[in-house]
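Down below are the structures I want you to see.
Both of the next two complexes hold chain A, though its partner changes from chain B to chain C.
Let's turn to the complex of A and B:
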């Protein structure tokens, strides 16, 4: 039943997309200045029906309708309601449907909110976007239909991987998808701008909001994924330079560069071609990431049972996309003359772009090199985190200096005398760094530089905030918050990395372990039955030997029945100054439990400053709205 | 004669070129330094030039009844059904670590029979097997 409804709705949306392309193409040649009413209506229908498809799949998951293979494979009747719903996008087919939903919704919203812009430009955008929608709809129908039915109908489902049953992972995919798939709209807009010749300032103005929206969501999505990795994977880290994390970082670098160079296009009407390239790259990288992850080339938690035909479809679609985008770009390319003064804001924004491109290339090389080597020579390698740290971290130092100074430089040619202020702030930053170095512990020369640069950026931002309070001009505030938070983020990560304590050992129940600062008492274990799992909970009494503060931590070993899996839940005590982190595992029912104990300073502040970076983006959206 | 402007431009181009070459050289050099090679126990036995004291990865199946645990560490034998290697590790293991399951360990070789791991790679799916191990098993099953 649901299977038929779902599939028919997909076909209906497919027809609607064809109709939209057809009517929009006809409308291109009419003399009217307005987009035809029927196109609005078709788009509205398309959006409504696409959302309906998604809702019907959600209903299938809520009712545990195992006549759908997809529900059977990824759900279970005993699963909590929340995870039944979240399970909808916790698998390949469902997430592809979510992907299409975002493509369609963005397409409609873009049409709706850009009524002041050129008609041809809007129509072309709609056409290109609908070609993308068609591509993914066909993929869904031919290869990954979530509404495929199964007969005889199974009584019980296979269940969702327990480590995915987590609030953070329920919201992580939708956030990232809005971020990644949201890029599609300015991919379409960029091609449309080339085709219709509607470039320059007005083009920048039309895509500005969309770039910011997708940037905010991408940033949030990456943070949520990282938070999940921190408390669920039991390793205590939050960034692994894992190929999949890298895949998510690539579009983020591109979009961050785009967001900045877009300002130059809007204010100075130059860098048009570069902005177009970034628009195209951002979405291409998003799809590439999806391809690498979904095809099983990169292995991770994101690889749903992999299927080579999937990879081939996405790869052909991707190549077609890149190829046609390149052809259109080179045919329509117009030479621009650049006239930049070395001491101007344009140059500083370009510098941001150089750094972003450099980071992007580094991560891309580190990610693709093992794949190439495997294909060419059959040698299996992986690139360790030190590679990324060695290349990227030193460059963050000059990057942060430019981040502080750049926004203070005027457009075209600046007359600002900033030399004294900057050297004064650097001096204070060095002093603060010396203070940390002297009282809290010694660290390497590079770490010194990073701390100084971060502190400089933070101080500089605080001065900017002070100026805003006296001037009452809020326009710069979101930018300052994001830049300030980046400085804080780097500083806290640095401190966290430098002063973390980690102890690994094995304990039997009742034993006590003494480390330098803590006494860890493994008091006992208890068993707890829960709705869809059984938990073995360890009771640990931690005594801080310095101040005799006693704390209790209770890490769990969970035994899930459907599918049968163990998970280890970390016990985390978060305080303002540091996190206590304790995980335990057990192998082959041995008497010994393996314990990992960590004390990680300022952990919570890493999350707060990362969230504040995204917050700056959201503030900018709201403030800009009020101004218009 | 070249005008001053053209000269400046040429110098600028050469400068950009040199900087890019230097960066790419630097990237590739540190890439080569930080590569982790993946080997099976058989490869470790057979290869003459296997590096000791350099980070690498070893993978295979955890041999049945080979896991022993004491206060400090966990020891287990990884096999590719032809050769085996003893691995020592301290810390918590990933949730899917078990006897007769695939495993990848990251660490350093002490000698050809002993490997000290500082990370056991987490795998996220009970049906999942690292492609490297799948290949080894396929090869040795013949």
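Let's turn to the complex of A and C:
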């Protein structure tokens, strides 16, 4: 029943998309300055029905309708309500449906909110976006239909991977998807701009908001994924340079570069071709990332059961996208002449772009090189954190200096006044760094530089904020918050990395272990039955030997029934100054438990500053709205 | 569209990347345990965990009738589960030598691990960054490969060794 409804709705949306392309193409040649009413209506229908498809799948999951293979494979009646709903997008088919939803919703909203812009440009955008929608709809229908039915109907489902049953992970995919799939709209807009010749300032203005929206969501999505890895994977790390994490970083670098160069296009009406390239690259990288993850070429927690036919489809679609975009770009490309003064803000924004491109290329190579080597020569290597740390971290130092100074430089040409202030701030930053170095411990030369640069950026941003308070001009505030938070993020990561303590040992119930600053007492163990798992909970009493502060931590070993899996839940005590992080795992055939204890300074501040980076983006959206 | 060298380079790079992705889809599909069986172990050099001057290479394996190479780490829970089978194997069977490769682990933890649970290995090698294990085609741990004196892989076990796997290993050696 649900299966038929779902599939019919998908076909209906498919037909609507064809109709939109058809009517929009006809409308291109009419003399009227307005987009036809019928196109709005068709788009509205398309959006409504697409959302309905998604809702019916959610209903299937809520009611545990195991007549759908997708529900049978990914859900279970004993799962809590929340995870039944989240299970909808926790699998390949459902998440593809979510993907299509975002494509369609963005398409409609873009049409709606850009009524002041050129008609041809809007129509072409709609057409290109609907071609993308069609591509993914066919993929859904032919290869990954979430509404495929199964007969006889199973009584019970197979369950959702327990590692995915987590609040952070339930919201992680939707956030990332709004971010990644949201890029599709300016991919379409860029192609449309090339086709209709509607470029320059006005083009920049039409896509600005969309770039910011997708940037905010991407940033947020990446942070949530990282938070999840921190408390769920049980290693105490938060970024592993894992290929899938890298795949999510690539579009982020491109979009960050885009967000900045868009300012130049809007204010100075130059860099048009470069903006177009970035628009195209961002979405192409999003799809490439999806391809690599979904096809199973990259193996990680993100790989749903891999299926090569799926890979072939996305790959063909990706190739089609890249080649048509490139060919249109090269045909329409017009040479621009640039004359930037070396001391203008344009140059600093361009510098941001060079850094972003450099980071992007580094991560791209680190991610693709092992794949290429494996495919071409059958040699397997893994490119790990050392590669990225060596290449990326030193570059962050000059990057942060530019981040502080850049926005203060005027457009076109600027004076030398700024030089004194900068040297003064650098001096203070060096002094603060010396203070940390002297009182808290030794670290490498590079770390010194990182700290100095980060502190400089932070100080500089604080001065900017002070200026805003006296001038009462809020316009710059979001930018300053994002830049300031980046400085804080780097500083806290640096401190965290430098001063973390990690101990690994085996303990029996009743035993006590002493480390440098802590006494760890394994008091007892209890068993807890929960709705969808059974947990072995350890009771640990931690005494800080310095101030005799006592804390209780309760790490768990969870035994999930459907599917049968063991997960280790870390016990984390978060304080303003540091996180205490404790995991335990069982040692079979013995009374011992393996305990991993970590003390990680300023952990919470890493999350706060990362979130503040995204917050800056959201603020910009809101402030700009008020101003218009 | 005018054709320039830059365009040709861009297009060829993209075509190359897409081609590799396409090949990758196929290869990934073929890669499983069976394809490794029958292949030979190539040259390697494994350094002893306690003594960096001591090492073994493929030549040493030729002296043993059978060698079981086991990848383990102290942080890996399933490794603890399979440990008893390794102990049994080393106690009860004289035909086989067991080599442990300690995968991405801290030295102290690995030594404590063996102290606590017993040491079934005739040789424990250290693979701090996981490079040697990749050479053997190990994806994750625990994993074990059984090699004969011609250096041919005759069995590969992914995941912890259990009773069935244990019996199969014994059968293969008869």
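Observations on the model:
Definition applied: the second predicted complex is superposed on the first by the 625 of 628 C-alpha atoms of A that agree within 3 Å, B and C clash if a C-alpha of one lies under 4 Å from a C-alpha of the other, contacts with A are read in each partner's own complex, and residues count from 1 in each chain.
By our rule, a contact is a pair of C-beta atoms (placed from the backbone, for glycine too) under 8 Å apart; a residue touches a chain by one contact, two chains touch by 3 or more.
Being a predicted model, the structure only gives us computed values, none of them experimental.
Superposition of the two complexes onto chain A shows a clash between chain B and chain C. Contacts of A:366 after superposition on the shared chain: chain B is touched, whereas chain C is not.
Of the two partner chains placed around the shared chain by superposition, chain C is the only one that A:330 touches, whereas chain B remains out of contact. In the superposed model, A:375 makes contact with chain C only, not with chain B.
Contact with chain B, but none with chain C, is seen for A:584 once the two complexes are overlaid on the shared chain. Legend: residue contacts after superposition of the two complexes on their common chain; A:565 is shown touching chain B, with no touch to chain C. Of the two partner chains placed by the overlay, only chain C lies in contact with A:312; chain B stays clear of it.
In the superposed pair of complexes, A:322 makes contact with chain C only, with no contact to chain B. By the document's definition of touching, neither partner reaches A:155: not chain B, not chain C.
Of the two partner chains, neither chain B nor chain C is touched by A:34.
Applying the stated touch rule to the two superposed structures, the overlap between the chain B and chain C interfaces on chain A comprises residues 299, 380-382, 384, 504-506, 566, 568, 585, 587-588, 590, 592, 594, 596. Listing the residues of chain A that touch chain B in their complex gives 161, 163, 233-235, 299-301, 303, 305, 358, 361-362, 365-366, 369, 379-384, 386-387, 390-391, 504-507, 563-568, 583-585, 587-588, 590, 592, 594-596. The touching residues of chain C, when paired with chain A in their complex, are 1, 7, 10-11, 14, 17-18, 20-29, 74-75, 77, 80-81, 83-84, 106, 109, 112, 116-117, 129-131, 134-135, 137, 139.
Those residues of chain B whose C-beta lies close enough to touch chain A in the complex are 23, 26-27, 30-31, 33-38, 55, 57, 67, 69-74, 90-99, 122, 124-128, 130-132.
Chain A meets chain C in the complex at residues 291-292, 295-297, 299, 306, 308, 311-312, 315, 318-319, 322-323, 326-327, 330-331, 368, 371-372, 374-376, 378, 380-382, 384, 504-506, 566, 568, 585-590, 592, 594, 596.
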